[in-house]
Amino acid sequence: MSDVSPTLDEFRHFREKMNEAILNAGNLSINRFFALDTRTYEAGALDAKTKELLGLVASMVLRCDDCVTYHTVRCREEGVTDAEFYDAFSVALVVGGSIVIPHLRRAVARLEELPEA
Amino acid sequence: MSDVSPTLDEFRHFREKMNEAILNAGNLSINRFFALDTRTYEAGALDAKTKELLGLVASMVLRCDDCVTYHTVRCREEGVTDAEFYDAFSVALVVGGSIVIPHLRRAVARLEELPEA
Amino acid sequence: MSDVSPTLDEFRHFREKMNEAILNAGNLSINRFFALDTRTYEAGALDAKTKELLGLVASMVLRCDDCVTYHTVRCREEGVTDAEFYDAFSVALVVGGSIVIPHLRRAVARLEELPEA
Amino acid sequence: MSDVSPTLDEFRHFREKMNEAILNAGNLSINRFFALDTRTYEAGALDAKTKELLGLVASMVLRCDDCVTYHTVRCREEGVTDAEFYDAFSVALVVGGSIVIPHLRRAVARLEELPEA
Amino acid sequence: MSDVSPTLDEFRHFREKMNEAILNAGNLSINRFFALDTRTYEAGALDAKTKELLGLVASMVLRCDDCVTYHTVRCREEGVTDAEFYDAFSVALVVGGSIVIPHLRRAVARLEELPEA
Amino acid sequence: MSDVSPTLDEFRHFREKMNEAILNAGNLSINRFFALDTRTYEAGALDAKTKELLGLVASMVLRCDDCVTYHTVRCREEGVTDAEFYDAFSVALVVGGSIVIPHLRRAVARLEELPEA
């Protein structure tokens, strides 16, 4: 990754530590939102792979690097191939424009950290 | 639709008329962008249905009603069922938050204009 | 309101009709989100009036007219005075910049529809 | 314009009426912001025409139709030609992506209401 | 904080150094904006604590980490408790969706740097 | 620059390395977008300097630090003076509001790395 991005391990460590702190604070709305967030990507009428691709593209056009990292990992786990990733990236790029490019660069750098199945 | 939204016919008429005016102006960058926009949703590593769902969710989290209308029509043409639409909507809602809701309402109103295959 | 904005009655009618259609579709994630959305504004460590002001300013900087209309009505019900509304508007304007102004105009037009208690 | 957009006259009337209501409310921060907003587009190191083009492109990528209408009128007053408008639009489109297109359509419809000098 | 976020001291040092460089450049519009920005959070019809909470939630839904850091510090100075912070966070999360979560994590990490009064 | 921003050299190195990886992946839509992105800033009805200023302000209101860095470098190459930069910044600040300020700070830090011609 870029010299100033966290490694995947640093990202995971900070994410887990802070998620735990947030959930332990005991705010009911926040805790329910976190549960709902997890549940939404479970297979339903659309399968988990498609939902993760939707989450990835939504994260990319909204330009959230941490969200892109998370869904890139999950997409890989669901078997998304490199060619499928790039097809999803192309939709995000055309919908969101050139301001998506810096996030695309970081997404591709993450992808290089995750071996194709 | 809402009393203040255009009908689907009004939307299509205005869209086609203005697209024609834009393309006739002869700006090379803009014309190439329009060609690229169309091309991006053609089947590749991902099929056209999945790409249209990606376009729909991207449009919804970016809160672009005209874009949502366009991709809702295209998704229906690609055979997206009501249950699949709602699954896609749920991802957009959770990623984008309650500010997505007014656009969800208008998307569902559009969906009611388009009979399930 | 503006010649092209719905009246408050039209807004309420469309909102209720579409919310009903959405909830009847039976998507569990979406229905839980709607329940959570309502719950979040109930009095907790912060009172309902403060939470509604937070919702109003969040809606304004994100430039969601329907959300602004909803929270303007709710703020009025919680006793927010005109001077307090304008103080909240000033924060939204300075944080979000001049692109907030068209939404401020429509918020003030809504406010004129809602008599001060 | 589109069947659901206000005419230029309706836009101007609503804008002036609500600006007057806002300024009359006497909130010091808001009134200073409005004065600052006007002042910022006056000629300085950059001339007024360039500043209005900057305002136009900023409004377009942020997808604010009322702001686009305002700066389109001002750009025309500063002598911006159709070819210059389209060059500015092309930058907005490439930076902001296809979600800019609906706003581009409405900008071009406005442009047709304003004769080239 | 995260391995890649600046410490609170680094944030303050960079902020003060660059603010000084910006103000010394002598651009009248920019300097007036900075003065207006400060003034807007002074107590008026709403007290300073409420205004800082509004600034915090606006910053969070717009996903500006530096702005969130600034308003978190100011909210603490105005006596906002942990439970009140989490209530404000819950509004930001529900309005802005899961893309707010990475910023929420960083806000909570900042909060841990600032002892409750 | 800030302790956590990449240096200009790090930025350029990461940008070139990842652009190469992206283009080598051979996705036609993405590759055409990159070509179109470059082409759009070439002199046309508007000269290259004005187009780069448009790209800079668009990047700033959309709050993309990498894009701001890129256009700041290009603007300097086109002979934009410090006073002209600050005039462009003032438009971005007023249109986009105080959430632009952290990006303005980083833009000014970049400017200090690039000697005035």
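Per-chain numbering from 1; labels A, B, C, D, E and F assigned in written order.
Convention: contacts are C-beta pairs under 8 Å (C-beta built on N, C-alpha and C of every residue); 3 or more make two chains touch, one makes a residue touch a chain.
Just so we're clear, the structure is a prediction, and the values are computed from it rather than from any experiment.
Student: Can you check whether chain B and chain C touch via the same residue numbers (shared by over half) or via different ones?
Tutor: different
Student: With chain centres defined as C-alpha means, what is the inter-centre distance between chain A and chain F in Å?
Tutor: That pair's centroid distance is 26 Å.
Student: How many angstrom lie between the centres of chain C and chain F, each centre taken as the mean Cα position?
Tutor: Centre separation, chain C to chain F: 36 Å.
Student: Where in chain C do residues touch two or more of the other chains?
Tutor: If we look for residues of chain C contacting two or more partner chains, we find 4, 27, 29, 33, 36-37, 40, 44, 59, 61-62, 67, 83, 86-87, 90, 93-96, 98-99.
Student: Which word fits the touch map of the chains here: line, ring, star, complete or other?
Tutor: Shape of the chain contacts: complete, all pairs touching.
Student: Spell out the part of chain E that touches chain C in their complex, as residue ranges.
Tutor: Going by the criterion above, the answer is residues 36-37, 40-41, 44-46, 50-51, 53-55, 57-59, 61-62, 67, 81, 83-84, 86-88, 90-92, 94-96.
Student: Chain D touches which residues of chain E in the complex?
Tutor: Interface residues on chain E, with respect to chain D: 28-29, 32-33, 36, 39-40, 44.
Student: Using the touch rule from the top, collect the residues of chain D that touch chain A in their complex.
Tutor: Touch list, chain D to chain A: 61, 93-100.
Student: Sort out for me which residues of chain B touch chain D in the complex.
Tutor: The touching residues are 4-6, 10, 14-15, 18-19, 21-22, 25, 27, 29-30, 33, 37, 59, 62, 64-67.
Student: Could you please specify the touching residues of chain B with respect to chain C in the complex?
Tutor: Going by the criterion above, the answer is residues 2-4, 63, 82-83, 86-87, 89-90, 93-94, 98-99, 101-102, 104-106, 108-109, 112.
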